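There are structures below to look over.
Shared between the two complexes below is chain A, which pairs with chain B and chain C, respectively.
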Partner chain A sequence: MSLSGLFVQALNGLAAASTLFLLASGLSLIFGVTRIVNFAHGSLYMLGAYVAWSLTDRLQGVFGFWFAIFASAATIGVVGMLIELTILRRIYRAPELFQLLATFALTLVIKDATLAMWGAEDLLGPRAPGLAGAITILGRRVPQYDLALIASGPLVLIALQLLLTRTRWGVLVRAATQDREMVAALGVNQAVLFTSVFALGAALAGLGGALQLPREPAGLSMDMTAIGDAFVVVVVGGMGSIPGAFVAALLIAEVKALCIALGDWQTPLGFVVAFPKFTLVAEFAVMAIVLILRPWGLMGRPDVAIRPQATTSAQLAPPGRGYDLAYLVLGAVLLTVPLLVETRSYTLVFGIDVFVAILFAASLHFLMGPGGMHSFGHAAYFGLGAYAAALCAKALNLPMWSALLAAPVGGFIGAVVFGWFCVRLSGVYLAMLTLAFSQIVWSIVYQWDGLTGGSNGIVGVWPTSIFSSKAAYYCLTLIVCGGATFVLRRILFAPFGYAMRAARDSVTRSAAIGLDVRRIQWIAFAIAGAFAGLAGGLFAFSKGSISPETLGVGRSIDGLVMVLLGGVDTLTGPIVGASVFLFLQDQIARHVEYWRAMLGLFILALVLAFPAGIVGTIRQWTFRR
Partner chain B sequence: MKAKLLGGAIAAAVVSISSFASAQAPIRIGEVNSYKAFAAFLEPYKRGMELAVEQVNAAGGVAGRKIEVIARDDNANPGDAVRMAEELVSAEKVDLIAGGFLSHIGVALSDFAKQRKVVYLASEPLTDKIVWQGGNRYTFRLRPSTYMQSAMLVPEAAKLGKKRWAMVYPNYEYGQSAVATFKALLKKAQPDIEFVSDQATPLGKIDAGAVTQALADAKPDAIFNVLFGADLAKFVREGSLRGLFQSASVVSLLTGEPEYLDPLKGEAPKGWIVTGYPWYGITTPEHKAFLDAYQKKYNDYPRLGSVVGYSTIKAIAAAIAKAGGADTDKLVNAFSGLEFESPLGKVKFRAIDHQSTMGAYVGKTAVKDGKGVMVDFAYRDGADYQPSDEEVKKLRPAD
Partner chain C sequence: MTAPLLKVSGLEAFYGAAQILFSVEFELAPGEVVALMGRNGAGKTTTLESIMGLVDRRSGSVDFRGHELIGLRTYEIARLGLGFVPEDRRIFTDLTVIENLEVGRRNPSDAAQEPWTPDRLFSLFPNLAEARDRSAGRMSGGEQQMLTIARTLMGNPLAILLDEPSEGIAPIIVDQMIDMIAELKKSGVAILVSEQNLPFAATVADRAYVLDHGQIKYSGAIASLLNDEEVRRTYLEL
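Up next, the complex of A and B:
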């Protein structure tokens, strides 16, 4: 690798960094002011590319092209404004992270709407007129458009910095990022501020997508590939820090370009290190390292508690005897189901999936609700459990019961290792570190063909003789998942559970009365990981096969959706949330053509009707009466 | 009036019940696929299927029964795919299952089929494991496998006589095995070659500029490309801008399929040696009949997915006709060695590993009227691009 080659690769990295920065700056602004984790940011980016495609298709010439780019950014800004006005505005008072549910639903709706409007085929846009060629730098040809992109990043950075530091609006945005309540108390119209910030953030995402059009076709998977990158850049840079996002985008893009440039490296020890393969997980590895070294990102500042925060979460009351009884009766009723249906009825198959989802959701809720630690990568423990069980059964030929015992151990070990790092962080940083670890695990499982079967996974993980009938396996999952969920709940009202909630509500006060906050949180991680692993083991045997998807982001998000849908501040929330989500998905996917949009609309309706989650809101109604 | 209506309704119901009883219930085919997640491929696939169902039923069905397809979306997720397959088998009482697009879903469904003892025709997934390492009695696969398609390109690649080869491929099982097969077979055909660069890119997330640059810096004479979809479009654009393809020949898997070539429009690469489906230039009568019927019904041209969807149903119909019904054991026996007519000609399901001999067209890419096309193409019969039977036997577990 020559020096001139490295230099040109660095230029490639710069071009990629600009796109990342445009995406991330909008997300960072939105989060800073509104505290919304805007999951639909990638969808807005995708829409930007599609709108730009339609416009550039009609407008020709240099002027037409650039008009189309900025017009699509403006269009997406308006879309963002409408989203804020019609949906998000109604749920600002909901518990933390609840808005994530609404934006998740939006991604589903936007995806299907895009499919319906623009069709399924990728749409390749035109090259930028006037910048369609390449120039020679150090004997290598570099596209002119890349140079324009390289310039766009710093230009947007400067524009944003001027806007934030030199205008009244910018001052308000910075003030609101630091202390929303104070800004409101001083009589600033928050509604206008929030709407404008959301619109600007959306427009930046749209601009990023539109600018990408000369480099890649508008396609339906742009949303998901973009959103991950955007979150990573924002977190690595420090939430709310625009220059931080810029530096982070540079860092990540350059690391990737370097990996690609290095190629395969023959180590002196004889084996080959394939650096290009590392791009699969480069951004997450960078994020993990940065967060371990700097818990608030490169240029973020620690959250300063300006005044004691009122607890957002309601007190949990220990469930009475009646509650336990109802739980037992429900379990007993469910146990009779196999007697009422055919031996291989779909009811049983679906029931197994629901029980597994409930245990998974309950373990995540344990960490998120009472533990106060949001995990965006909970699927890692589920998947580690599933793989532990599958490997015991297939590679070691152990019987099913011991494989099922290995499952919680797998999840536990993962949670102990990752939790140790995660509990040193808080808030969104903690959540993103869990995501980074889960992505790292995912990429290892995805690549380790010899052990894990790589992307195809492990097959032939079926239950042994006694449980090979669906009815028997249904009873097994019901008893294990029901029992485990009960134990999790029991822990919440053991002294440990009280200590955990104390640590969540006030770190300083808990420390003052002698609680070792970090250790408590670490143990909470381990417990949640073990139970998620158990769910994963049961999952593996119910499906007969597992693949890296069991520990992918999709499953982590599903878990979050279930917990938030049910209500994070309630005990039965995860049970209700998991059941409702699976039921809706199953019914809608089987009977509706555009099922993702329909599912998204259902979730939006639930979000608006139950702004504290289903159980949470129902409880509020009953208390009010 | 009301009474009359009611009477009419009852009469109609009686008539329909009796007619139902007189004709036998249709044979039900359960289809599991990622219809929405990969709509670009599966919309044409679904259309091909629907056309075939219509044709089979218009000809009086098979074994005296009509056929019908019950389709389920698996959300591109193997867990959901297995649940949907369970639902199809348990609740919908389908006689066999078909479908699958992604390889890992195909592998999961094939293992499900083995466990549940139900016939599964894997139509789209390409992984070699479905018929070899993970092969089982109940699973058959229609499309030419990764191995077969890579093998079809090797003779053409060897003819180029290039010494320095670079590889670029999506970083998962499909890309890895395509490259492994290609390297091994090319090395055998042309022992003096050298592999100068390996770029494994994350699926759907290629950094095309950097990858193109790295490939160019390795100064290859020839490139084997396994990228597809948006990754391919990005690679083609960057590669032509940066002059990568001026100095290196390209041999490329799947690129001639309309699904991947058409989105490139006038920027489609020229002179790449590819596998694909040149529907505009195939003159065989069986393809012409298919093409006419498809265009008449949909007023659109078929994609390769349409051929696969259509052939899936035709293969199932042929197997049911041979088995004289939909009994699983009889179907398994019927499928082994089954010959049927596909739009690409006669295809046979090999008894040894349940892989069909459906082939692919190998040719060169060109641009005509602002669109990418294949020229100088010829059909390569899948039967000719297989490892020896001994090797297959070693790879595949006994039933």
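Up next, the complex of A and C:
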């Protein structure tokens, strides 16, 4: 690798850093003031690129092009404003996970709206007029547009800093970032402040997307990659810090660029290290390292605490005899289903999916509800279990029983390793670290062709002959998942469960009565990981094949939606939530073309109808009376 | 006595399911300094926060200049000319002193008022003038206490709710605080000051109310409270 090659990659990194910064600064600003983690930020970025495609298509010339870019940003600003006014405004007092759910629902709606308006094909944008050429630096050709993009990051940083320090609006924003209530007590109408901040953040995301158009085509997958990158940058920089976001964007973009520049490296030991393959992992590795060294990010403040979970959680009463009996009866009834339907009935396949989802949701609920740790990457443990089982069955040719035993072990090991780091953090930072670890696992699985089959995954993972019929496998999953969910529930009312809930409600008070909080949380992580792994193992044998999607972000989010739908503070929550979610997904997906938007609108309606969570809202009603 | 500026009647307040205030009643006349006395946990801070709309739930009536405050949002209450100085100061530590004042700036609700400006406040609080462009987080406790009061004054309030101003600051600052309250009273601002410290309250206030377990147990001139040993022993002294 030559010096000039390194230089060109470094420039490339700077251009990428500008886009990342535009994306992350808006996210950080919004979080700072409204305390909402805006999952839809990547969707606004994507929308910016699509709007810019339509506008640049109509407006020609240098002036037309740049007018189109800024008009796109303004359009997205207006979209952001409408979102804030119609949806977010109603849920500022809701638990933060519900806010996250609402913004996630928005991503679904925006994605389908984009699909409906622009179609599924990637749309190639024009080159920037006047900047279409390249200049030669150190014998290498560097696109002029990249240089313009490089300049845009620092320019926006300076503009934002001036806005935040030199205007009354900016001073109010900074004050509200620190203490919203006090700002209100001084006579400032927060609603106006929130709306304007959200509009500005959205416009920045839109600008980022629009500016990206001459470099890459507008596509429907831009939203998820963008939101992942933006989260990482914001967390590394420190939630709410604009300069932090800038530094983090540079750091991450340059680390990625360096990986590409290094190329394949022939180690003295003989094997080849392919650095370009690390680009997917690099940003999450940087994030993991930063969070371990500085849990509040490079330039964040340790006191940016998310509202304590304790204020929203209800007490759990131990289930009585009747409850256990009802659970058993329900299980027995479900066990008779195979007698009533055809052997290859879809009902059985659906039933298996539901049971697996219930166990997955129950394990996530265990961690999130009573454990108080919000995992955004729970699919990692599910997937590790699935891959452990599939590899035992296929690579080692072990029987299904031992492969199914390997599944919880796989989830357990992953949770022990990642959990050790995660329990050192709390709140949003913990959630982001879990997401980072799951992305690392996903990248490794995706790129390690030799072991995991890469993007093709592992195929031909079928149960042994006794369980080869759907009916038999249905009964197996029912018994295993039902039993495991029951065990998880019992743990909640064992001394460990009480200790775990004490640790959630108050770290200091628990420590004062002699509980080792980190150890308890670590064990909780390991337990949840093992059960998620078991669900993954059952999943692998039910489908016959697994792919990296098994442990992708999508599955983590599905899990979150299931748990939140059912209610974090209820015991039956995960069971009801998983069943309802799968039923809805199945029904909507089969009958409606734009099923994602339908699902999103359904979730939004739910969140708006029950702004304090289903359980919380019911409690408020009874309390008012 | 002239018509009250602030009239609280039947005020009840709740945090979650817990009721903190029970039918609290009191009045504050224009230009008057009234002390709200009581021990820790008596409900003094909750009373002030209820007036400002900062509690979970409240009921009863809070009348300020003919406006009913129950049902209004915090910022609307502040805009009517009611200033709030919290006990724990809550200054914006990331902002400079002058920026903290900027957050509080509002035009006077009464045109006849001479508006507060940073310069006018700096003559009242000389320490702040020197720290003008310093980050507020780097100031001493006493200076921060001065800054919160100055910040609230920037809103040109007609009445101020001052929560435990003498709490946790040096005696010399307490003396300055006494002078400052006298100065404000002269300028016509009404002040409701919550206090545990009877000598301090006796120096600044005209009248006093005593709160205990969320109920008003005594009301009268501050001088009679000083002479009423039984009330003092039952509700104030430790």
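The criterion applied here is as follows: the second predicted complex is superposed on the first by the 594 of 625 C-alpha atoms of A that agree within 3 Å, B and C clash if a C-alpha of one lies under 4 Å from a C-alpha of the other, contacts with A are read in each partner's own complex, and residues count from 1 in each chain.
Just so it is clear, a residue touches a chain if its C-beta (ideal position, glycine included) is under 8 Å from a C-beta of that chain, and two chains touch if they have at least 3 such contacts.
These figures come from a predicted structure and were not determined experimentally.
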Exercise for the section: Could you say whether A:F366 touches chain B, chain C, both of them, or neither, answering first, second, both or neither? Expected result: neither
Exercise for the section: Look at A:F412 in the shared chain and tell me whether it touches chain B only, chain C only, both, or neither; answer first, second, both or neither. Expected result: neither
Problem - Touch count on chain A, higher of chain B and chain C - result: B
Practice task
Scan A:F437 for contacts with chain B and chain C and give back first, second, both or neither.
Solution key: neither
Exercise for the section: Considering only touches as defined above, state whether A:F231 meets chain B (first), chain C (second), both or neither. Expected result: neither
Completion exercise
chain A contact set shared between chain B and chain C covers none
Practice task
Could you pull out which chain A residues touch chain B in their complex?
Solution key: 1-2, 5, 8-9, 12-13, 15-16, 112, 115, 120-124, 127, 133-134, 140-143, 146, 215-217, 219-222, 225, 256-257, 260-261, 263-264, 274, 276-277, 279-280, 342, 344-346, 349-350, 353, 446-447, 449, 454-457, 459-460, 462, 539, 543-550, 554, 585-586, 589-590, 594-596
Exercise for the section: Sort out for me which residues of chain C touch chain A in the complex. Expected result: 17, 52, 54, 73-75, 78-79, 84, 86, 90, 92-95, 99-100, 102-106, 151-152, 155
Exercise for the section: Sort out for me which residues of chain A touch chain C in the complex. Expected result: 168, 171-172, 174-175, 177-179, 181-190, 623
Problem - For the chain B and chain A complex, residues of the former touching the latter - result: 36, 39-40, 43, 72-73, 75, 77-80, 82-84, 86-87, 89-91, 103-104, 107-108, 110-112, 114-115, 127, 129, 134, 171-174, 176, 197-202, 204-205, 207-211, 213-214, 216-218, 229-230, 233-234, 237-238, 241-243, 259, 262-265, 267
